[in-house]
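These are the structures, in structure tokens.
Both complexes below contain subunit A, partnered by subunit B and then by subunit C.
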Partner chain A sequence: MNESSEALIAARGLRKAFGRTEALRGVSLEVAAGETVAVTGRSGSGKSTLLLCLAGVLRPEAGEVAYGGRLLDTLSEAERTRLRRRDFGLVLQFGQLVPELSAADNVALPLLLDRHDRAASHRAALGWLERLGALDLADATPGELSGGEAQRVAVARALVTGPKVVFADEPTGALDTVSGDQVLDALLSAAREAHASVVLVTHDNRVAAHADREVVVTDGRLEDADTFAVPR
Partner chain B sequence: MTRLAWTLARAGGWARMLLVAACTAVVSGLLLVAVALLLLPENPHEAFFNLVADPGVRGGTTFGTVLVTVPALLLLHQAVRLGTAARERRLAALRLAGATPGQVRLLGALEVGIPSFAGGVLGLVVYALLRVAFGGTAYGTAERDVYVSTPRLRLVPTTVTPAWWQVALVVLAVTLLGVAAGALASRGLVVTPLGVTRRQRTAPPRPWGFLPMLFAAALAPVVVAHQSLSTAGAMVCVALAVLGMASLAPWVAYRVGRRLRARARSATMLLAASRMVTQPRPLGRAAAAVGAIALVSGGSAALTADLFSTNNLESFYVVSMVLVFGALLVALVVVAWTLAVHTVESLLDRKRSTAALVAGGASLRELERAQRTECGLAAVPLALLGVVLGTVALGLVLPVLTPAGLAVMLANLVVTPALAWVAVAVAVRAVRPWTVRACAATNLRTE
Partner chain C sequence: MSVQQVLMGVLAEGPAHGYDLKRAYDDRFPGARPLAYGQVYTALSRLQQDGLVEVAETSRDGGPERTAYALTGEGRAALDAWLAETEPAGGYAAVDLVRKATTALRLGADADGFLHRQRAVHLARMRELVQQQQQVRDAGARIAIDHTIYHLDADLKWLETAAARVAAEGTGS
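Up next is the complex of A and B:
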């Protein structure tokens, strides 16, 4: 495990409950810059909740998440929104694209939200679609895309702002093996080129094997991460 | 079967049922007032405001009362669509459990029919309340003296009451309207045991709404030329024009959206314009009444301008115009409700992508701005088109127009679209709790 001083993201003692169900029971985790960490565990173990807490989407009831030394809890909602828009990228299992927008517009959306020029945003979107082998899908709407194609567009959207961290929640969970491998390769290679950290939630050991490190969540608790470290 | 339909209706939520019942209650109550007006003898035995007392304009007043039901019917149509996705899942589950397509259709009809029927019956209460608030005063009663000293709007007959079979017919008609709205909402729906598919209408909307309006324009000179046709002819012309304006709404939304999508510079405009292009029909239906209201508003402003120009400011005319504009304002409030229901339905339909958008860095404020832009761009151009057409249509036949009259018409050209915008802003603000709920991270959870 990395030293705290090197950690880009550091979570300590995270607790989160949904009603009477405790999803996280004191989780601590650090992610270094440029590192890919796989968070694995059974369905309902709390791994997606952990990812959403790390990404500043969910607020934990106890504990803290620091990004680049800044505690997310001390940021206003507007600051957290800007942080997610500029520094984080998010890829979900499915259904994250805006159905009315073309693939290119979906990719350009985070830049437009950040008040970038439309033409420049569109060019950047096309560039990322090309890198991910999805340029021919630029004008298609999400309803016209296959699962794998939609995920490649989602990966492009997550990377278009040049994020420092990409959070991916079961990005290949709804795909067949071939499409899943293509999406994962695209995500990880693009993130490595951009020196971005990746937090990858998955229940698939094949997917987890692509990570630098694997941590396992069981019943809202993190098992000893070192035990599951993948040798490189 | 009725028990199952009742269970399904409850599963759709009390809010939807209450909204459907409230809409049908208002429609039923107004229709009962219209029936009572039709039942009045030429010289009624009660004191009324001139709009009802004068047999020459009573027909127009009855027609106006029926017209006020139009926004309520459009809200009913929107309310019926509320929670469509969940309802379609329930119907698919029923098919899986062994229900035939016919049984599913019947259940769908009963699910809307039950609250519509309840609303139809509750219309009697609305009618009774309107009688209390705006009832005429029968001659020979002690109240007649009060009438002289404390004038109030006497518009609803109290000496005549619809017969039981007329009430039954109104309730039946309103129930059937509710069922028809439900059937319209389920049009193109294919429910199989494996799920629900909807035959998408991919063709963009066409401007067919201009046809009834052109027909009304062609009919107008004939009506003006033949005095005997004036009341009935004017009603037909107004009905055709209102129908045309309401039908134009999806086309206007689509054209405005298309034009703006290509020129969008911000995420807000891109999101709003893209929704207008891909979903012009639901949005257009929600905003449809704005066009009709603006059309009547334009026409009424022209008539008001005529009163100013001819210095004919007798209390009858002034109160009549105030009544018309008051009814238009009430209709606009109903439009705000319709837009709010549309926005809620739209949010329920895309909870996951909305939550993903927020998780990816869009703020609540930006989402609300997109909602406001989307509804505003559908409603305001329609209001502008309606008010201009209404003003021009009646303004052209005015014999004299003074600067004061012109000022009234011009002011209305600004005020009507501005009020449409206010209705949109109120609607979007009212649905904030649903918007906040749609943004929740729980919507991101894997299903």
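Up next is the complex of A and C:
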């Protein structure tokens, strides 16, 4: 991994198929520490598959993903789980909160699963809710929250472990523009302060414009949007 | 051109000098090209001719003569009427993009290359605007930037669709 000594995540030659559909057809991508990279492309282009491979949720059929210089493939399942729980945060389009738990307990969940002290986990959860302007939602259950409120809680849950990388798949896709902007601002400013990297999958040019860099997935392959500026 | 009406809107809040009018305009539309002084004075003389604006005061504090302008009653009525009426849909200058791409396709020139380069230019501009918007707290300035961003986004969608069509269908010749 000599070339990628500065990259926090380095993926090379990723291939992944679902049945006869090739979602990824040889994708290589590096993400530096603290960098926000937008992954854009049409629906079905393979951008969500790429995100899930980078996050170690899906295993590619070919190619490799290194995190901090270590190949995910060489880790045991327990190590991968620990990595996903401690170093990675995940935000999906519809929050995916546990409906039976309060917002605060939802946020505390990754810490509780990682066997942290209950009171300390709860305090950390409240701290994150406050930072995201959602402290007044602490006792509400997901059913009582609007889409924008639920996404704030989901962002707090993704950040509560102090992750090095936040993977976000259409985090504002189900929200109106104003709540979407608020959630995105909250996510990106919190990540920036923590010097965490963000991989942001979106089909929305406005959302992509918040990133430091944009890459475009077309039919399972990557084209670098910034290279478009070079006359062809 | 609605510059006149915007300046009338500034004057509706109280008399102002030409310089103040330019500053107020530029502050209100941070996403747009700054207004030239020439445009301000052309608009003011036109508004004066039409009786919509009048000179409120001329002063000279040792320096050059400074004129403050004020909105007339007629001007206020005209402003209110403009505010109440809708604008035609469209008329956005993005038509230049369409003209260029269509001409390129007709001539067998590199339309695809143009579309991709143009997309990069649009994306870069959108990124600038998003950054600008994050630093602005005033709702008026934010919605002015929103307007520019959404027009850019419409152009971007068109550029992406056009590139996909050119790739799928070729030049059609």
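Basically, the second predicted complex is superposed on the first by the 221 of 232 C-alpha atoms of A that agree within 3 Å, B and C clash if a C-alpha of one lies under 4 Å from a C-alpha of the other, contacts with A are read in each partner's own complex, and residues count from 1 in each chain.
Note that in this section a residue touches a chain if its C-beta (ideal position, glycine included) is under 8 Å from a C-beta of that chain, and two chains touch if they have at least 3 such contacts.
The structure displayed is predicted, hence computed values, not measured ones.
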**Message:** Tell me which partner touches more residues of subunit A in the superposed arrangement, subunit B or subunit C.
**Reply:** B
**Request:** Identify the partner contact of A:Arg157: answer first if only subunit B is touched, second if only subunit C is, both if each is, neither if none is.
**Result:** first
**Message:** Contacts for A:Leu71 in the overlay, against subunit B (first) and subunit C (second): which applies, first, second, both or neither?
**Reply:** neither
**Request:** Pick one for A:Ala120: touches subunit B only (first), subunit C only (second), both, or neither.
**Result:** neither
**Request:** Examine A:Ala62 and indicate which partner it touches, taking first as subunit B and second as subunit C; both and neither are also allowed.
**Result:** neither
**Item:** Which superposed partner A:Gln96 touches (first subunit B, second subunit C, both, neither)
**Value:** first
**Intersection of subunit A interface sets (partners subunit B, subunit C)** = none
**Request:** Within their complex, state which residues of subunit A touch subunit B.
**Result:** 18, 48, 52, 55, 57-58, 77-78, 81-82, 84-86, 88-90, 92-93, 95-101, 105, 109-110, 112-115, 117-118, 141, 157-158, 169-170, 173
**Request:** Enumerate the contact residues on subunit B facing subunit A in the complex.
**Result:** 264-267, 270-271, 274-275, 277-279, 350, 352-353, 356-363, 366, 441-442, 444-446
**Item:** subunit C-facing residues of subunit A, complex
**Value:** 177, 185, 205-206, 208-210, 214, 225-226, 228-229, 231-232
**Request:** Could you pull out which subunit C residues touch subunit A in their complex?
**Result:** 110, 113, 116-117, 119-121, 123-124, 126-127, 129-130, 134, 146, 149, 152-153, 156-157
